[in-house]
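The following blocks contain the structures, represented as structure tokens.
Heads up, the next two complexes both have subunit A, just with different partners, subunit B and then subunit C.
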Partner chain A sequence: MSDISHLVQFLFSGITVGSVYALIAVSLVIVYKVSQLICFAQGEFFVFGALTMTTLVSKGVPVPLAFFLSIIIAMALGALIQQVLIRPMKNTSVGALIVMTIAISLALRGLALLIWGRESHVLPPFSRGEPIQVLGAALQLQILWIVGITTVVLFLIWFFFEKTPAGIAMRACAENPYGASLMGINTQKTTLVAWAWGSGIGALAGMAVAPMLFTQYTSGIMPMVKGFIAMSIGGLGSIVGSVIAGLLLGLVESYTIGLISSKFSDTIVFALLMAVLVFRPNGLFSRS
Partner chain B sequence: MNALKRYWWLILLAAIAVYPVIGKPSPYRSGLLIFAGIYIILAVGLDLLMGYTGQISVGHAAFFAVGAYTSGILTAKYGFSPAAAMGVGVVFSATLAFLTGRPVLALKEYYLAMATLAFNEIVVTLIIGFEGLTGGASGLRDIPPFTIFGFSLLNHLHYYYFVWTVVVLVIASSIAVVRSPFGRALIAIHSDEQAARSFGVDCAKYKTRAYMLAAVYASIAGSLFAHYMGFIAPDDFGILTSINLLVMLFLGGIGTIFGPALGALFLKLLPEITYQFQDYELLINGIILIVVLVFFPRGLFGIFTALRNKIVPRMGK
Partner chain C sequence: MILKAERLSAGYARIQVLKAIDLEVKKGEIVCLVGANGAGKSTLLKVLSGVIPPTAGAFTFDGRDVTGRKPNQLVRMGLSHVPEGRQIFGSLTVKQNLFLGAYVNPAKKERLDDLLESVFGLFPKLKERLAQKAGTMSGGEQQMLAIGRGLMSQPKLLLLDEPSLGLAPLVVEAILSTIGELRSRGISILLVEQNVNAALHISDRAYVLETGRIVLQGEAKDLLENEEVKRCYLGM
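Moving on to the complex of A and B:
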């Protein structure tokens, strides 16, 4: 392989990983916007999405059906958790809420262990075929799926928040829950919808990379942490910011692993995060 | 009976002291309590920072790592005495906390959580990266047992008493700190930073000092851990450990010193009960935590004080 083909290969893997980070970050942002809460259990939806779909496909369910079923199951799970466990904790401190979501993630991880055991599972690729050769680098078809799914999801989210009454209501709840409730918006219902969206998108991230990854019950931890980073670099509440930050993070990671050092790539990523937090606490892309 | 209400902790102290004599624990049993003691030191330190000063940290295991690795490397590779190595670890941790404290603690809530989490990962990835010094991902071996005045604490009961003496000292000093003017300044920062500043409290300075104190405790815990295990690996010091500490704080009852200690003890001994459920263990632990958080927002220590207040007045009157 020539130097160029190496660089292109790193670009592909960076975009792949970055898309996943972006999706997780977006799922975190949606929940954060309406509940002012960062959900540490988001990585578990990643795992549940990937493993539910793997099981369904291995049982002979057609891929498109398995795809939608898995998303719906994750959405229902997220809504259920919000309704039963998060809602009663309205008046507690940020720390207690964080620990609550940690407890939920432990329970979900325990549930995943019971359902799927300790072994890793791989989903067959969404479509079969040889990788495409681009400038000497191999582009796996699944990467196209990942990028495609990410693009579609981001478009849907944009459309939802900008063009539909439900999305505008959700934005209102994020801005000012009390004011929104005075305008006749059902804040509880809106929060529920946001959790369902967030869980579904988290699951989607897991499903999209499931064919390229060995997923097991503990696989959600690292993607979740990287999603946090993307979210923080993007400025916590910004969907656009966190998407850009997620992609950027994937690319930085991929190129540091490839060109500088695989040992210290995480050191560099986390140092970057600290630098952004300290010097630009409202996110890398904030105007102020 | 008011005396019982005030001096209940003396009973606890006696129980700690007498347990090895009466219970004649196996090395495994006393090992569990040694681990629990080490985690109590970590949790109580973090409580000063989180419970009293109100500064969240999802990276406290970083200083646990610094203490453990400083002790491990200096004793196993450079022939330091364990006590001296522990001292170096403490100085190193305090310096690190001093240097990072100001910029990091200027952040609030989630941003602070993220920054401390990042700090934890940086420390761990550096440990993994510098293999020559630290043994990398496969860990650091051959750390000698702790010695005091040439007396080796190889026996598990000796180490039990040593660790728990440190635990008692840490708890006592933490209570002293909380009741001092410095402690009151920390509590003021927690309840309203702006108001505290307008009363002349140098918030950045006090927050950094609380951070340094918590770091020093964690570093001591790390040294104790390294000498007990004889072998340490980066996995023991990752963000999962930091997250576990948070859980201990809220499980036990944050901002009470005894609460987090109780939480640490509970969480370290819980697997002894739930391990027999094998694959159900993780789920059961999660559910227990959820139940405590939903129904007992003041944690295990809240349950304990409520019970004590119910029982003791009746006995007194």
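Moving on to the complex of A and C:
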């Protein structure tokens, strides 16, 4: 392989990983906006999405159906968690709530261990076919799926929040729940919908990369951490910021692994986070 | 009768704020609620719009008992609350804010445009600012937006909490005269206002609230002559 083909190959893997981080970051942002809360269980939805779909496909369920079923299951799980575990705590401190989401994360991880065991599972790629050669680098078809899914999801999110009454109501709820309730917006229902969205998108991230990873019950931990970092770099509440930061993070990681050493990739990512937090505490893309 | 409250009590956690309030608003009336800071005026409006449940008593809206109903039910029935401090959505555009006012009555596009036009009839300034982020508007413009947004649900009764707070005298005058205009559109109004003199001049009747109790009520023009009202609220 030539130098160029190496660089292109790193670009592909950077975009792949970056898309996953971006999706997880967006799922975190959506929940954060309505609940002012980082849901640490988001990594588990990544795992549940990937493993539910893997199981369904291995049982012979057609891929498109398995895809939608897995998303719906994750969305229902997220809504259930909000309704049963988070909602009753609405008058407690944010600290207590964060501890709660960590507890939920551990419980879901335990549940995944019970259902799927310790083994790793691989999902067959969404479509069969040889990788495409681009400038001497191999572009796996699944990468096109990942990028395509991410693009579609981001477009839908943009459309939802900018153009639909429900999405605008959700933003109103996030900014000013009291004002929103006076408009007759049901803030509890809106919060529930946001959690369902967040969980579904987290699951989608796991499903999209499941053919490229060995997914097991602990596989959600690092994506969650990286998604959280992307969210912080992007400015906590900003969807656009998180997406850019997620992609950036994926690319930085990929080029560090490729050009320096895999030993340094996490070090560099965390150094980047610290630098952003020190010099741009409101995020890399904030105006203030 | 559009609104009738009987022996309404309410409060927060352990403090009782409102004590057995009796109050009525007739159709087409502007009723003014006067009281010192902390008397419980905003609390009363919150109870009437369903934000806080009353601890005792009951109230009817448009002839139906609506005690314990939630804001979304009350807005749908035609009771709109323009709260203290405006509570507009600063990160949304003026247009989005206005459309949220009509959120509970999803109307056809043309109907929404008609509603918008009728709001612009009262506040022409809003029309020029439709695409602007609401948070970047001036205080007066934000207050117009808050009232306009409250009108988008086509209310029969509008609860207005200190619409002139922090505004320049000329703007206050404009807002109060607009409130007078709302009555001619058939909207009944319960108004809380610090500019007691100006408020009483546009009102039909008024109630005086002191530490959670109604201590005085009557025709607005009579209260303007009342010695105690003059001393305590009109600074004469």
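Everything that follows uses one rule, which is that the second predicted complex is superposed on the first by the 288 of 288 C-alpha atoms of A that agree within 3 Å, B and C clash if a C-alpha of one lies under 4 Å from a C-alpha of the other, contacts with A are read in each partner's own complex, and residues count from 1 in each chain.
By our rule, a contact is a pair of C-beta atoms (placed from the backbone, for glycine too) under 8 Å apart; a residue touches a chain by one contact, two chains touch by 3 or more.
Quick caveat, the model's predicted, so the values are computed rather than measured.
A.B. asks: Contacts for A:228 in the overlay, against subunit B (first) and subunit C (second): which applies, first, second, both or neither?
C.D. replies: First partner only.
A.B. asks: Which partner does A:165 contact after superposing on A: first (subunit B), second (subunit C), both, neither?
C.D. replies: second
A.B. asks: Quick check for you: in the superposed arrangement, does A:111 touch first (subunit B), second (subunit C), both or neither?
C.D. replies: first
A.B. asks: Let me test your reading of the model: by the given contact rule, A:98 touches which partner, first (subunit B), second (subunit C), both or neither?
C.D. replies: first
A.B. asks: Looking at subunit A, which partner touches more of its residues: subunit C or subunit B?
C.D. replies: B
A.B. asks: Where does A:175 make contact in the superposed view: on subunit B (first), on subunit C (second), on both, or on neither?
C.D. replies: It touches subunit C, and subunit B stays clear.
A.B. asks: Who does A:185 touch here: subunit B (first), subunit C (second), both, or neither?
C.D. replies: The second partner, subunit C, only.
A.B. asks: Would you tell me the residues on subunit A in contact with subunit B in one complex that are also in contact with subunit C in the other?
C.D. replies: none
A.B. asks: Quick check: in the complex, which residue numbers of subunit C touch subunit A?
C.D. replies: Residues 49, 51, 70-76, 81, 83, 87-92, 96, 99-101, 103-104, 106, 149, 153 of subunit C touch subunit A in their complex.
A.B. asks: What residues on subunit A touch subunit B, complex-wise?
C.D. replies: Interface residues on the subunit A side: 38, 40, 85, 88-89, 92, 94-96, 98-100, 102-111, 113-114, 117, 221, 225, 228-229, 232, 236, 261, 263-264, 266-267, 270-271, 273-274, 277-278, 281.
A.B. asks: Provide the residue numbers of subunit B that touch subunit A in the complex, in ascending order.
C.D. replies: 50, 56, 58, 103-104, 106-107, 109-111, 113-115, 117-119, 121-122, 125-126, 128-129, 239-240, 243, 246-247, 249-251, 254, 279-287, 289-290, 293-294, 297
A.B. asks: For subunit A, which residues are in contact with subunit C within the complex?
C.D. replies: Interface residues on subunit A, with respect to subunit C: 165, 168-169, 171-172, 175-176, 178-186.
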